[in-house]
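Across the two complexes that follow, chain A remains constant while its partner is chain B and subsequently chain C.
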Partner chain A sequence: MKITIERAALLRSLSHIQNVVERRTTIPILSNVKLEARDENLALTATDLDLTLMANEKADVIDPGVTTVSAHTFFDIVRKFPGEAAITLEQAAGSTEMTVEAGRSVFHLPCLAADEFPAMSLEELDVRFEILPADLARLIDKTRFAISTEETRYYLNGIHMHAAGSGPTGTLRGVATDGHRLSRVEVPLPPGAENMPPIIVPRKTVGEIRKLIETAGDVPVQVAVSSARIQFGCGPDMLVSRLIDGTFPDYERVIPMSNERVASLPAKVFAEAVDRVATISTEKARAVKLAFDTGKITISAVSADAGRAVEELDAEYPDGALEIGFNARYILDMMSQIDGGEVRIEMANAAAPTVVRDPADSGALYVLMPMRV
Partner chain B sequence: MSRIRRLDEGTINRIAAGEVIERPASVVKELVENAIDAGAGRIDVFIDDAGRRLIAVEDDGIGMSPEELPIAVLRHATSKLVDDDLVRITTLGFRGEALPSIGSIARLSLRSRPQGAAEGFELLVDGDEVGALRPTAMRPGSRVEVRDLFYRTPARLKFLRSDRAETQAIVEVLKRLALAHPDIAFRLVADDRQLLDYEARLAVDGGAQEDRVRAILGQAAFTNMLRVEAARAEVRLLAFAGLPTAARGDGRAQFFMVNRRPVQDRLLKSTLRAAYSDLLFHDRQPVAALFLDVEASALDVNVHPTKAEIRFRAPDDVRGLIIGSLKRALAEHGHRADTALGQDAARLFRPGGLGRGWRGPGPAGPGLMEAALAYQAPLPGTADSHVNGDLAEAGFAPGSAPRQETNPEGEDGARPGTASSADPWPLGAARAQLHENFIVAQTREGLIIVDQHAAHERIVYERLKAGLHAGGVARQALLLPEIVELEGGEQSVLIGRADELAELGLVLEGFGEGAVIVREVPAILGQSSVAALVRDLAHDLEEMGQAVRLKEAIDKVAGTMACHGSVRAGRRLTIEEMNALLRRMETTPFTGQCIHGRPTYISLGLAEIERLFGRRA
Partner chain C sequence: MDAPAASRKILHVDMDAFYASIEQRDDPSLRGRPLAVGGSSRRGVVLTASYEARPFGVRSAMPSVRAAELCPGLLFVKPRFDAYKEASRVIREVFALFTDKIEPLSLDEAYLDVTSPTGGPRPAVEIAREIKALILARTGLTASAGVSFNKFLAKIASDLEKPDGLTVIRPRQAQAFIASLPVARFHGVGPATARRLEALGIRTGADLQAAEEGELVKRLGRFGAFLWRIARGQDDRPVEANRRRKSLSVEETFGVDLRDPTAMRAALGPMAVELARRLERQDFIGRTLTLKIKTDDFVIRTRSRAILPRLATEQELLAGALHLLSHPDAPERPVRLLGLGVHNPVVGQTETRQLPLIFDADRG
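Right after this comes the complex of A and B.
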């Protein structure tokens, strides 16, 4: 194999590839990236067995061939080459080394045979549709903060996606929860997605596809789904991932529909005030208390060590005094997803789920469980 | 095809022997218990070949009349159950199994002369054969000899361990019995060598008990113990609790006496462990002797053939009493560190040629590092190593309580827990900081060296913990309540303590058969696994009746925060800062150890320093 390729192109692919490759693995071949050169194209593939990414770059293929080298080492080398360098990759037939050459630098990297590399699953994915990168990004951004990291409830370790309704009013939903808070976001249902099975996309996959969209521009993302696997075609790159094999809880049940005490307040001012007051709650739980009363909200925190803090804000709130505690971090995570100038908080009492809405975005809804302080 | 038939008496006895008599030490236990129940003031035990060839127990108790002797070797014959009352058992034995069991597997000789009788009688039992009574000359009391143990059950003989191990087991059994009965003199002679000799103390009060504890555990261990007395309802506790820094790698130095009966009870062991929770490093075990007096009817000893296990009518009272009083005592003396640490350090300071400490020029501070290592090793001069050593090498010097001679302080008779209580500033005045981590302070009695990080860590931790538990634990309500499947009776145990758990931040309710639904969790635990926590808790509650794991989980977070929030090694402190730290250590509980159980300071007495320079012998 012998090719010449621009540094910028190779670096773009490798930066995605090296995210997929786990730093510590017991199977040596999984530390490697597979390089396949033919037809003026270099295909780079990496996998952690759950998630496989194949990136393609234009290259000057002098001698086609296929091999594998350590993904992290290769990435570090390419990263450190100067800006405009043209890089030559060469592996002589029968050699167990690949040379990486740019300018006057030469690196010899040990290779593992490409036929040891796990093959990408070629199973048929029956549901196919296209989704706008902006819509997919929105589904991810507004939900991923609520994904659970606790592994015994593995079915919460990802974003639940499913079709709700059909035709022009139908939506594609993304839902995530860690049992303490929940986020639900809707985008218009892409044609062809009506028959999609309900799925749970694992956190790592969510992160990788989000990064791919970033570099893909406006070109629609090609999605193919079965109940066990999802595939994203994003420009020249393709990501295939296993889905979480589990049932997402019936989340609709925990979203209250008739919380009658409603406060509206300026989003930015509220978030900043909570952040300020929470400075006092040094312990990990970060409890803050919100006291709603006619026309105002009082945010307070108390700590045995650090003292007390109180801040008062004007708010539109006509529904009688109510005191309710929350984890400040949860409030701040959620407030960072509110795009409009206002936030709407709908409460029942100090122990029941509280709904938070963004009046500027009717497709997003957040639920927060109070804390007893 | 064999038919069902009644077993003959000999077989029944051999089966019973299998339960009661496991090894020579079991024989010693049964016979010594008989002697104690016979009101002996002196008990001598002789063994040959680790008890294989001979076990003889001689006492000066009430003795048995010639009429009683043949009955004594019958199964279920006992003088100890008054009116056949199994509810109020005040004697050690009551089952009437020991002698016939032993008789069925060994050659047994029973000699006894009642107090006031003119002569004694002897009865020989060999397997199932009971011989004729013969008069014999002897002092008043009884002597039981067991020869050729297990000769009729060779399988058991094969399972015996080395002579050394079997002798050690006998020593342990006798120590435990002797600990419970300070009013009786005990002697153990093995192959003509005297291994144990404990003098009787007449008054059965705390003082006698204290002397016996010192004799058995050794002076070194004893000076590092706190004496604790407490009572609640029908339970009275006298405890000698070792300082956490004097803990050991195994639980052999833990003694539990209930109504003067040595027991090996899981409940008591786990309770002791709980009393020392967050004071000990990993799996280190405290040194302790606990004496419980419980109204006889509030106790069931008829649980186990060898009576090692017991049941309390009110286990919660017992647990509460032990944990509460020990924690309080340990907290009061929290800044006391083990004196042995200072002595270890002193040894290391010794000039070349004599000690193992000085290695010539080298990296700074080898002595302190080795002191830490020495701390991990078993304490020198303790009872166990003493006996082991004596078994290994010949030339044991007979005499009473030989451990006392090894006490370097020469403070025989010093009561524990009084060393520093009179000094208003026991940790003295800071003089210097060494290597940016060790504070050297001058105290009234010598000097101390403080590990600043370890000490500050404990102070921060105690403050965080107090804050956490005082303000009530903040609870995060769950949007998706978690259902946890449980085993057996765990559900009812959890539900029964739901109020208590709610105070610690865990709100749960029953959910169908054998499951609970968790609605709120302690907020500080963040996103840790609820199911695992609840299962551990249920187990804890069943085992020791306390929500240890929940408190531990919360305290562990506090511990991590404390570690990050405290003064690091390597920070230069001014004298004022150092003094402030010392004063805080004096007023904060448990500052003798850091939260990982390592010592926070060592003290070196002036006497020890003077000895180092040859100013004192």
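Right after this comes the complex of A and C.
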């Protein structure tokens, strides 16, 4: 194998690839990226057995071939080459080393045979559709903060996606929860997606596809899905992932429909005030208390050793005094998803699920459980 | 009767039909009408009945079905504990103006020791009157207060002139007053103990005052000694501020011993409902569910299992109780008493704790 490739192209692919490769693995071949050169193309593939990414870059293929080298080492080398470098990769037939050359630098990297590399699943995925990168990004961005990291409830360790309704009014929904808060966001249902099974996309896959669409521009993402796997075709890149094999809870049950105490607040002012007051609540549970009263909200925090803080804001709130506590971090995570100038908080009482909405975005909804304070 | 020389001044303040009064305050259409706060379903229980409903015999802890039979046209309102807790907070703020020795018994009642009130000595009756007025002004609700020199008498006094009552029992009145009380009015005397006292010929406070202490202790154990003392106006239990509850339980002694496992299971249903109600009222969270079984040979066994550290629901309590009843084995002898309780309170983080979203499928 012998090719010449631009540093920028190689770096783009490797930066995605090295995210997929686990730093610690007991199977040596999984530390490696597979390089396959043919037809003026270099295909780079990495896998952790659950998630496989294949990136493609244009290259000057002098001698086609295939090999594997350490993904992290290769990435580090390419990263440290100067900006405009042209990089030559060469592996002589029968050699156990690949040379990486740019300018006057030469690296010799040990290779593992490509036929040891796990093959990408070629299983047929029955449901196929296209989704706009902006819509996929929205499904991810507005939900991923709520994904659980608790391994016992593995079925919460991803974004639940499913079709709701069909035709022009149908939506594709993304839902995530960690058992304390929940985010539900909708985008128009892409044609073809109405038959998709309800799925749970693992956290790591979510992160990788989000990075890929960053560089995809406006080209629609090709999605193929079964109940066990999902595949994203994103420009020159292809991501295939196993799905979480579990049942997402019936999340609609925890979304209150008729919380009667409703406050409207300027979003930015509110978020900044919560952030300021929360400086005091340094403990792990960053509790802040919100005291709603006619026309105003008082945000406060008390800490045994850090002191006290109070801040009062004007709010549109006609519904009688209510004191309710929240984890400040949860409020701030949510507020960072409110794009409009205003936030609407719908409460029942200090111990019941609270709904947070962005009046400028009817397709997103957040639920937050209070803290006892 | 020997009233202690340095007599204490104890108030017992008890809100009148607390939940029902709050509902009537907040919804004018409910005023003047018979009202029960609680569930109207088949398994529901009346938490509080308004004064309009009481002449019909509607009482708290009564099954809602029974209440509806007694009082046709009885309105049922679902409880809003949030509103009750808010009112309770205001009431405790009022108490705190007068003393820091406050022992809340639940959301709507508390003992106060005003022997040395904040701001210097003054008559306890005057404090009670002022507390009632402040509560009315700040919450729109009436309270009844009892004033006496110990907890036992203060509590009985608050109940004498409900609603909106204020009753004082002075040391020199105490003996005659206690003598006139039926034994069922004494703290801790339920139907079963009342029957046992009756078997001893004891029906009133006067009978208790005349009883031999040794005889009462022989029949009722330590509780007998307690009864003998309070019948003499001797109750030195202090008003304990910040008293932290260690467990919360309900129990029932059956009129006829239960032999049939089906009957035992049936008896646990209402107990789970009642326990859930009290846990919610007290905001009590424990990690252990305990079933107490007393058989006809008076042997008491307790069985425990872990429960989720959150406010237990009646379904969870009942499921746990049924499990404990049959594991490791069903009681072999007839059962005289069953008790169901939650122990091992969650403390520390309870002050500030994140509440979970409850998904039915995975139990939150």
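Rule of thumb we're sticking to: the second predicted complex is superposed on the first by the 373 of 373 C-alpha atoms of A that agree within 3 Å, B and C clash if a C-alpha of one lies under 4 Å from a C-alpha of the other, contacts with A are read in each partner's own complex, and residues count from 1 in each chain.
Here is the rule we use: a contact is a pair of C-beta atoms (placed from the backbone, for glycine too) under 8 Å apart; a residue touches a chain by one contact, two chains touch by 3 or more.
Treat the numbers as computed from the prediction; the structure is a model and nothing was measured.
In the three-chain model built by superposing on chain A, chain B clashes with chain C. By the touch criterion defined above, A:T247 reaches chain C but does not reach chain B.
Applying the stated contact rule after C-alpha superposition, one finds that A:V66 touches neither chain B nor chain C. When the two structures are aligned on the shared chain, A:A321 is found in touch with chain C, with no touch to chain B. Residue contacts after overlaying the shared chain place A:V262 against neither chain B nor chain C. In the superposition on chain A, A:D305 contacts chain B only, with no contact to chain C. In the superposition on chain A, contact is made by A:L182 with both chain B and chain C.
Once the two complexes are overlaid on the shared chain, A:A271 sits clear of chain B and of chain C alike. Touch criterion met: A:E151 reaches chain B, while chain C stays clear of it.
Of the two partner chains placed by superposition, only chain C is touched by A:N349; chain B is not.
The superposed model shows chain B running into chain C at a single listed stretch; among 436-444, 508-516, 544-552 or 562-570 it is 508-516. Shared interface residues of chain A (contacting chain B in one complex, chain C in the other): 153, 177, 179-182, 249, 254, 283, 285, 287, 325, 327, 351, 353, 367, 369-373. Across the interface of their complex, chain A is touched by residues 463-464, 466-468, 470-471, 474-480, 482, 520, 522-524, 526-532, 557, 561 of chain B. Chain A meets chain C in the complex at residues 153, 177, 179-182, 247, 249-251, 253-254, 283, 285, 287, 321-323, 325, 327, 348-351, 353, 367, 369-373. By the touch criterion stated above, chain C contacts chain A in their complex at residues 80-82, 85-86, 349-362, 364. Touching chain B in their complex are the following residues of chain A: 148-153, 177-182, 249, 254, 283-285, 287, 302-305, 325, 327, 351, 353, 367, 369-373.
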